[in-house]
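What follows is a pair of complexes built around subunit A, which joins subunit B in one and subunit C in the other.
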Partner chain A sequence: MAYSSERSQEARRSFLDPRTKLALVLVLALFVMGGLGAEQMKPLKTALSALPFLLLLAERQWGRFARGIAMLVLGYGLLFALPYLPGVLNFLALMCGGILTRFVVTVVMGEYLIATTSVSEFISAMEHLRMPQAITIPMSVMFRLFPTIGAEWRSIRRAMRMRGIHLGGAKASQVLEYQLVPMMTSTVRIGEELSASALTRGLGGSTRRTNICRIGFRAQDAVLLLGCLLVVAAWILELCGVKLW
Partner chain B sequence: MKSESRLKGRDLINVGIYGAIYFVILFAVAMLGMIPIFLPLLSVLVPILGGIPFMLFLTKVKKPGMIFIFAMIMGILMLLTGMGPWPLLTCAIAGILAELCFRSGRYRSAKKAVLSYGLFSMWIFGNYLPLFTDYEGYFAQRADYGQAYIDAVQKLMPLWMAPVLLVACFVCGILGGLLGRKLLKKHFVKAGLA
Partner chain C sequence: MVELKNVSFSYGSEAQALERNLKNVNLTVQTGEFVLLTGPSGCGKTTILRLINGLIPHFYPGTVEGEICLNGQHVETRELYDTAKLVGTVFQNPRSQFYNVDTTGELAFGCENQGLPAEEIFSRMDDTVGRFSLEKLMDRNIFRLSDGEKQKIACASVDVAGTQVILLDEPSANLDYASTLELRELIRLWQKQGKTILAAEHRIAWLWDLIDRAVILRDGRIVRELRGAEKNALSAQDLADMGLRGTTMEAPEKIQLPTVKPDDETMLLRDLYLRYPGAAAPAVDVPELRLAAGRITAITGENGAGKTSFLSCLCGLERRGKGTLEYRGRRYDRRARQRLCFMVMQDTGNQLFTESVLEEVLISLPKGTQNEQERAKALLRQLDLEDFLDRHPQSLSGGQKQRLAIACALASGREILLLDEPTSGLDHAHMMETARLLQQLRDMGTTVLVVTHDAELICACCERKLEITK
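Take a look at the complex of A and B:
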């Protein structure tokens, strides 16, 4: 017999195991954004770049997918319009285009990770990886807080704009003080409530916690992890000077 | 006494809360670093602005290990956001130094707190290391940003900038610490947070 909460967990289960997601983020960060690897890795990198978009589609995150694609189109549009732009504009377009096309992929992957992984799933994955609590707890708190901080910051900026405190309207020091300080105050308050609730549920206790989340590797995880291994293997081979294709 | 100095769940959650605020500020500022002129200025802006959450964080630090964990988590996040493995190393070193410094003030001294933040801020130098350890390779990878961008960065970041940036991180860390303390007194004590 399955409890209803167990069934709902199963229904909410994400397409990938959180550990696979972490591995993908790491590989993308190292190769696509960090720029490891030379000429031979180009086709692999292109394939890697398409991955986060496909994953967003698989999770039916249409909004995020559309935003990512829009940024990508903007980036390539700028690069494409390059020869027709004069002096300074040309420089700006090249820079923005180069940066957008390079960063969008990793940003989209990070968004995918945060949007589709619940804190419980994340903790469960970290426990399976035998990470020490000293790393697991702060990291999961941070994962939980990032979207909250974003939302708080947006509403504080709106409120301060009403009072005429925004970049270009007031002194930079004022903007700093009246935007950063409230943002931090409310985040700390929210964090304290969060901490009380997490402690009640036994986070950081001495006994092993149980977790209702189901995580585990399935076929799609195996394929993607194999892909990660292939990329790393190709990179090592390239370093050793082996010609791949 | 031994159980007193062990880190509990609440301490680790605090590391997470302040780490999140610090990272959001760091990330927002680092986006500016895309513009060449801001790249060296990051070692000024990040320590100064990051001082506010960090000083608030230090008021919660009463046990050994919290600053070091904070630093290591920054290192891991840098790895995940594509800055390479160098920051992990500098984070470990800066974290230990900051920890020892604040510890010598028995986790209470305000002066040691400011100095400790200065030492901690030196981890930011790790983000520049890929540029200085492999000068040619770094620019070869960024060829698609355009020659104008590369020229601008090369002009701003000659090799002798490396020690300058390291010192800038430390000095601005001290300044950021002082700013943080000032805001602490002005706002956070009043709000009952520090």
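Take a look at the complex of A and C:
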């Protein structure tokens, strides 16, 4: 059968609408990472924390799921081992464990957003939210910026090993500076070439863009968005001093 | 279709501009014509393409004199997104011309920007995928494609946008022989469709017989235009005089050179083995291999044959890599090889870290070297970098960066030098300069291994050859 881009685009449609994913990232960042809300919010936060992992499973992102769980286990493991550790180690474990348990869940949610949303879907969603191009375009570049920076970073680390510049070597104090110099030059260069290419393909025109992806709210979006609303409502009620349970 | 009348240009404002990048250029390209722009580095061929697609002056500011017309309309006064409907561009660097992360989105991008309805975009995409045989590349993550595949996607996205004029800015610079041939096929399809094509290239052999006209530039002026019989009658000497590369396409695999000769001093690689986690087959598996020491050896092979893995394994950069090297009476394990070998990467800029050329060499010298400053300066003199001691390494030209990286390798006492595609995107003169540099290094006693798909470089300086296959 001949290739049909329309059929394959439909088959690739993500489980959730990008707007739902954005709302979830926001709620997780505020309540789980930012720590808004007191005692009453605890059970809600636990439920929220499980969400990104369930979503990763739903989209068959096994690698990301395993990595997220491993980081979380490590974090709780460190906190659990706390009473048995002496002095400096105790402090280090407290710090690492604290950071991991607090940040991992939200980071995993962000990863889920980036991994399962195409640039086209993202732009489409932002247009539905009536965001101006001045915000949409820089944000959509982020999707490809991280992998690009990652690749450059790995290449520079290799080059440093080749030159014999190691952490803990003779020139340890300057290692960071050495990494940043080529990093900045190449990021600026890539950014410039990227903009030039996008402009020659008509980005930023006055005509209304179209999008080949189909986005839209389905039952699963409704359920999760309702969940987000409930969390916010519960928090407001708590602030007003209403006892919920 | 495209018309440049008395065009002069300089980057920056009139006051700062020391010299013009283009001087009184007159060029008319008919609809359906395929024109090659070539000439030594800095001759202005990329500048001409930028004037046609409107990046000059809208993105790269400068002073433009004369007229540039597309279909009779002035480019300077058109908005970039309007020009985009008429002109599509494929750029040199496969890594930095994508806006999307997935290939399908990338193909649709130009049409989406023009606001075409989705059904129309889908049918255009299916058409392009069919003609370019891209089925295997669709719905893929662009970051996982090879450079050759990325360049194909770049061509395909220009094709989907359906512009009448297509500009190619050194599209083959990062490609191996096989990928270049595939690119050539795509261009032939465009020719049959009657597209107007302008290509700026140093490597001219792969499209020499396709073009209708070759425009040769030097220092911002058109010095010659060649067509038909005149173009085919050029001798190697004529080409060299104009600073051009050869016009016959030669597969690096076809060049006959031995890997070792009976009276060579050799080094012996034993049980070199590397398998990436999750991969079914090893990337490198060399039970025993002899290479010539103190010689220049070319390493050839298709993209993806494992040349880069082989090099990383050899210079000890790959932690999972196993195997030993016997060299000049000593045995080197992986860690020891890190202090014996040095790899000059394709992106030389990523290998230079400090704020001055001199400091770059100083940090490479072993700790406790006597007369550090004198030693470093002597090395820089040998490599013709004496005049640049205080310059910032990132501000040097490509060739100078390459020489500086080599100076660092020599300063740290490495005896084996590996180079990864040192002449991609270089013109004839600079390619010959690299060849002479490699010969100079060999005469100093260094063993040189060059991974390359540049047949001209191999002919110019390599004495031995190793071919890597899957």
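Quick note on the criterion: the second predicted complex is superposed on the first by the 227 of 245 C-alpha atoms of A that agree within 3 Å, B and C clash if a C-alpha of one lies under 4 Å from a C-alpha of the other, contacts with A are read in each partner's own complex, and residues count from 1 in each chain.
The rule is simple: a residue touches a chain if its C-beta (ideal position, glycine included) is under 8 Å from a C-beta of that chain, and two chains touch if they have at least 3 such contacts.
For clarity, every value in this text was computed on a predicted model and none was experimentally measured.
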Which superposed partner A:81 touches (first subunit B, second subunit C, both, neither): neither
First, second, both or neither for A:35, with subunit B first and subunit C second: first
Touching partner for A:181 - first (subunit B), second (subunit C), both, neither: both
Which superposed partner A:199 touches (first subunit B, second subunit C, both, neither): both
Touched partner set for A:9, first subunit B, second subunit C, both or neither: second
Touching partner for A:160 - first (subunit B), second (subunit C), both, neither: second
Which of subunit B and subunit C A:147 touches, first, second, both or neither: second
Interface residues of subunit A shared between complexes with subunit B and subunit C: 140-141, 177, 181, 185, 189, 194-195, 198-199, 203-205
For the subunit A and subunit B complex, residues of the former touching the latter: 25-26, 28-30, 32-35, 91, 94-95, 98-99, 101-102, 106, 110, 133-135, 137-142, 145-146, 149-150, 153, 176-177, 180-181, 183-185, 187-189, 191-192, 194-195, 198-199, 203-205
Touching residues on subunit B, where the partner in the complex is subunit A: 7-10, 12-21, 23-25, 34-35, 49, 52-53, 56, 65, 69-70, 72-73, 76-77, 79-84, 141-142, 144-146, 148-149, 183, 187-188, 191, 193
Partner subunit C, residues of subunit A touching it in the complex: 2-6, 8-9, 12, 118-120, 140-141, 143-144, 147-148, 151-152, 155-156, 158-165, 170-171, 177-179, 181-182, 185-186, 189-190, 193-213
List of subunit C residues in touch with subunit A within their complex: 53-55, 58-60, 79-85, 87-89, 91, 93, 95-102, 104-105, 107-119, 121-122, 125-126, 129-130, 135, 138-139, 143, 157, 161, 312, 315, 317, 338-339, 342-343, 345, 347, 349-355, 363-364, 367, 394, 408, 412
